[in-house]
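Please see the structure below; I have some questions.
As written, the chain order gives the labels A, B, C, D and E, with residue 1 at the start of each chain.
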Amino acid sequence: MQTAQRVRTILSHYKRDRPEKRANVVRLLMHGQSGGTGRLLVLPVHQGFEHGPTRSSAPNPPAYDPHYLFGLAVDGRVSALAAPLEAGSDSFAGSVPMILKANNANGLAREQDQSVAAPFRDALQPDCSAIGYTIYLGADAQYGQIEEVREATAEAREHGLAVVIWAYPRGGELSEDGRTALDVVSYAAHMAALMGAHAIKTKVPGVHPKRGDANDSFEGVETDSLPGRVAHVMRCAFEGRRIVVFSGGGAKEEGDTLDEVRAIRRGGGSGSIIGRNTFQRPRDDALAMLERIAAIHSDGET
Amino acid sequence: MQTAQRVRTILSHYKRDRPEKRANVVRLLMHGQSGGTGRLLVLPVHQGFEHGPTRSSAPNPPAYDPHYLFGLAVDGRVSALAAPLEAGSDSFAGSVPMILKANNANGLAREQDQSVAAPFRDALQPDCSAIGYTIYLGADAQYGQIEEVREATAEAREHGLAVVIWAYPRGGELSEDGRTALDVVSYAAHMAALMGAHAIKTKVPGVHPKRGDANDSFEGVETDSLPGRVAHVMRCAFEGRRIVVFSGGGAKEEGDTLDEVRAIRRGGGSGSIIGRNTFQRPRDDALAMLERIAAIHSDGET
Amino acid sequence: MQTAQRVRTILSHYKRDRPEKRANVVRLLMHGQSGGTGRLLVLPVHQGFEHGPTRSSAPNPPAYDPHYLFGLAVDGRVSALAAPLEAGSDSFAGSVPMILKANNANGLAREQDQSVAAPFRDALQPDCSAIGYTIYLGADAQYGQIEEVREATAEAREHGLAVVIWAYPRGGELSEDGRTALDVVSYAAHMAALMGAHAIKTKVPGVHPKRGDANDSFEGVETDSLPGRVAHVMRCAFEGRRIVVFSGGGAKEEGDTLDEVRAIRRGGGSGSIIGRNTFQRPRDDALAMLERIAAIHSDGET
Amino acid sequence: MQTAQRVRTILSHYKRDRPEKRANVVRLLMHGQSGGTGRLLVLPVHQGFEHGPTRSSAPNPPAYDPHYLFGLAVDGRVSALAAPLEAGSDSFAGSVPMILKANNANGLAREQDQSVAAPFRDALQPDCSAIGYTIYLGADAQYGQIEEVREATAEAREHGLAVVIWAYPRGGELSEDGRTALDVVSYAAHMAALMGAHAIKTKVPGVHPKRGDANDSFEGVETDSLPGRVAHVMRCAFEGRRIVVFSGGGAKEEGDTLDEVRAIRRGGGSGSIIGRNTFQRPRDDALAMLERIAAIHSDGET
Amino acid sequence: MQTAQRVRTILSHYKRDRPEKRANVVRLLMHGQSGGTGRLLVLPVHQGFEHGPTRSSAPNPPAYDPHYLFGLAVDGRVSALAAPLEAGSDSFAGSVPMILKANNANGLAREQDQSVAAPFRDALQPDCSAIGYTIYLGADAQYGQIEEVREATAEAREHGLAVVIWAYPRGGELSEDGRTALDVVSYAAHMAALMGAHAIKTKVPGVHPKRGDANDSFEGVETDSLPGRVAHVMRCAFEGRRIVVFSGGGAKEEGDTLDEVRAIRRGGGSGSIIGRNTFQRPRDDALAMLERIAAIHSDGET
């Protein structure tokens, strides 16, 4: 089977992990609509912590209920649900792989940092396949975050958990545009790979190819197209040997989202992570959209 | 029995805790006048630490004696007494469930923070059913507090203790009014739920529906009435799957307090936590008032 | 015997400690001239650390020798010697109960803090009956100090050591007068009690009844007399269920010191802690003075 | 064999390490083109972390692939590859000794510090012979770094790992020129030796013999020539009893690089560490250059 | 034998340490030219770390070699060599007692602090008799240093190691002159004694008897002569029950150094610690000088 072969190829990039330790990576790669294709489709639902429950759920009030979010992940047949484990994981045990999003920002804070709101031990349960951490690369707090996450990464791998790093350039001297500049996004993805991530989550690289002060050369890189920029990020993630999934940020038109997904696919990206653009839509629309995204990633139609 | 059924329903929301670990949640829910109704009535007496003994007890001098406070909790048949354990717990062992309020602010301090004045091990005694922590959501110190409390929460649950989080928006960029704004209070309740609280203590949400800078939508939320606002907070606490008790703050007329309790009840709130409005009154008045509050919560008359 | 009865009453206030753990409290209460009276007379000799050896000992040069200080405690038949253990405890083992003063300020410092100069394990020796900590309530460092001391207190009680807290309002927004204001001193004593102290050391409350910004009510409190103020402090220490000893500060005339002791006694204070007013006097004068103080506390003559 | 004799002499300088603990030092000294000569030739490839992947690899795009870098180390027959272990170490296990570069700066940061991105346990694998740490001597963060590195050094030696310290003067009051001033570089090398390094990495000492404020005497030191300055650094590294390798910094002409290597050799330096000057060149040029550098160090032609 | 009697008297001052724990104190007191006299003569050679290798060794270039410094200690028959252990301790094992100087300042730093460059476990080797720590009394960092050193002291004593504290007033509000003012030096010695030092190292107290702001009384103290000032320091070190050795600071004429040693001897000081005044001189001069110093301390000729 071609798809299983793709998964085996991906697993060959994680030879440092002993075989019995890679079960959870397999689980993520074999579950749901994208199972076996080597692509991931992740539903993240920690926005309640980061932006507040009202702002997250008011556009689609059933989403106030954490069970609704679990149900969306199950029926939408995503690869994994990224969430705090606290709500619903009991009722939905075994129905969808979970990524415990261990640290979170919050919208009531004045300074940009992350607190580890879920202790590591929460991840050591049957319904949890991976642990996820955000790093604000560029922020003044990044040195401490890097050490914290690297330590957690090593521990997670020892327990056979997959590790997902949300590699977010932010803070320090980075401008708003700089956060999605191509050299910055690709740098962040590279660091996450060096830090031991099995999968990396970045933002879609923007049209600003460089920070103003950078002398990076992009000769030979197709910076004008999103597929070209995605391809450069993948190259910086160990020449494509690491899984990189892309997010598109805030809510937008379905057509725009699908165009972006197609571009990610053409650039060789490993998948999508898509939250507000699904759970803030009515359930049927969201399920249809997840199906379309999975189809784009899976059949490779470009 | 109808009431026991309500308690069983509440317990079904904590399936992540193994059954033998939930004994203390049951104990809180079955004790006192509100026992079996699924509501909680809590008497908090740590104001001596937070505001000083003179300011707390001078209006009703017998309250200088910690034994008086214990006696009030016992004779007032509340669900639990929230207190430092140091005084009286020896003489009153077994007569009322206790919530060890582990961290406390203090009125001599210049900066707003909480110190953990009671070590965790203090809670590991027969007379202690729960451990309580305050978090100042929005304050600059919140990131550290969140990690501290989350760690303690995990440890408490392992020991079978119930966990109560005082979710207090305060500090940072929050104005005085912002602390009780509806989006802020509901956000705080949501975070406490995500952090693993069995029960959450918030302030009654005020008439200010939003922070100025927030773009939260309250379409479909009845923000003009207190019951409507309470209902929104409950919804943000996992669609009502978490116990949320409300406090009314400083001393006020008994009639006003009872009106507030009725509104909390109508909005689906899980109960009241009421300190100065009881122990600063003469003992007979306080006992009568506790009885009236319990009655409102219990029979559901609105 | 009446006195033993008093000690038994005091011990009944510490029921949280298991009986075999209270041996050291008994030891303090039964030793020396005040033994069995329920009062304590403590000789503190850590001023060398806090003010320097020259300033402490020059007025009475034999006091440079730590053995002199031990001898004064032994021959003065005080309840306990509060000291760093380093000097003399070996030669005088068993002759007087010791309170290991574990943290200390020092006069060479620019900022007001305390360093724990004696590790906890130093207290785990036969000649040590109690461990003592200073907290600067009101200082910016107080949150950390409270946690540090609370942890040490719990550990000490587990080892059966008595715990003495030097509850010193200082720093932050407290004025010089504010440090001894009645509401502040009584607040500090209350916090020390909540933190688990068996005995509390405070300064004699001054004639300034309140901080300027405090709205505490002193109705019914006799604030004009020192006995009245002492009585209020005792009331705030769990209605008199905690031992509170008072210090008079710097050197003064013997007559003034004795008047102060009488006022403490009339107000129901548990005893005196008196250092420079004894060891800076010639030995015979000091011994005579200790005898007079013990007599006032013991026979209750007012 | 003369060369093996040289290695034995070097090993005699590490008598504090028990024999079975020095296997990895031998491994570094016996591998590759410089094997047995007592010299080291190290290929460092952590520039992706420190300067970003694009800036590091764009000049020679195949270098985006970590396997390319491993291949260069293997085919270039260097003594060791200094790298994060994350990429490639699985595929190339056993083919080249590795130095785990445990802490790293990063180009997205605003302040100059190092974060330990690789936990110590990563070094405890068969393919890792040494652990490497950077210290910014002179920086405000240096006190903490020194303690961190000294602790790691002791632990590494206990596990039989060799320890390499990147001794980089930087920060604090050091000017740009001061970083490579002779007294500063030799001071840094001396400190690294005292901290327990088996091998030390410094920059080539510059033409500025002193910091302005230093009154060090260089009488008898040949400060005008690079060999003289290198000899002084070696002397300050325990009279040549420690291995010191020198780096030349950014990319330059091959002729200039080789001249520098010859000067290092004449001054008695223990070898070179050379990254961007190799991997940013086409592969054949890089391999030829590594061969020439190894030849200079090995045959001692000056 | 009279001298052994002196050592026995000194040991009687350390009764808190169990007998089998005092072997290393005996070792220091019985080794070398001063062996058995109750005096210590210490050679400190950590100036390379503190002032840099060039500044330390250029005046006498053989001193660049750590083996030279060890040889000087062995042939000079000093009581102990105070050094980082890293260099030479292997080749000279057993030939001279060593004091591991565990923390060190460094001349490249901008702020005055000490980093613990040698981990405690380094001291647990046969060639190490004592562990040494510097405290900057008066500096803002002193509170942390005091706790750190007190903890290390307790641990060292448990392992039977002697403890030497370099009691250095420095920083905070102390002027240059204030650092050697008599009340300050004697205060520092007193604190070191209270912190558990077996031996204390201070600077020779200067002609400035007091800090300006101090109201210490020196009535009865002979402050005009160095012997008088030394005697006061000894008195403040538990009435002479602690070993106090004095240093003279930077290089000076031999005659001046010997005069100072005689004054220390007359004042009852326990010995000298003398570094740059020996190792920066030619070897034969240094050996002769060490002999003269030892003779002054040993025969008590004044």
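Here is the rule we use: contacts are C-beta pairs under 8 Å (C-beta built on N, C-alpha and C of every residue); 3 or more make two chains touch, one makes a residue touch a chain.
Predicted model only: the values in this text are computed from it and were never measured.
Peer 1: Starting at chain A, what is the smallest number of hops through touching chains needed to reach chain E?
Peer 2: Minimum number of steps from chain A to chain E: 2.
Peer 1: Fit chain B to chain E on CA atoms, both being copies of the same sequence, and give the resulting rotation angle in degrees, nearest 5.
Peer 2: Resulting rotation angle: about 145 degrees.
Peer 1: How many Å are there between the centre of chain A and the centre of chain D, using C-alpha atoms for each centre?
Peer 2: So the centre of chain A lies 37 Å away from the centre of chain D.
Peer 1: Can you list every residue of chain A that touches 2 or more other chains, as numbers and ranges?
Peer 2: none
Peer 1: Testing understanding: with touching defined as stated, what is the shape of the graph linking the protein chains, line, ring, star, complete or other?
Peer 2: ring
Peer 1: Beginning at chain D, go round the ring through chain E first and name each chain as you reach it.
Peer 2: Start: chain D; next: chain E; complete ring order: D, E, C, B, A.
Peer 1: Which of the residues in chain B come into contact with chain C in the complex?
Peer 2: 48-49, 52-55, 58-59, 61, 64-67, 84-87, 89-91, 106-111, 113-119, 121-122
Peer 1: Using the touch rule from the top, collect the residues of chain B that touch chain A in their complex.
Peer 2: By the definition above, chain B touches chain A via 15-16, 137-138, 140, 142-144, 146-147, 150-151, 154, 169, 172-174, 183-184, 186-188, 190-191, 193-196, 214-221, 232, 235-236, 238-239, 241.
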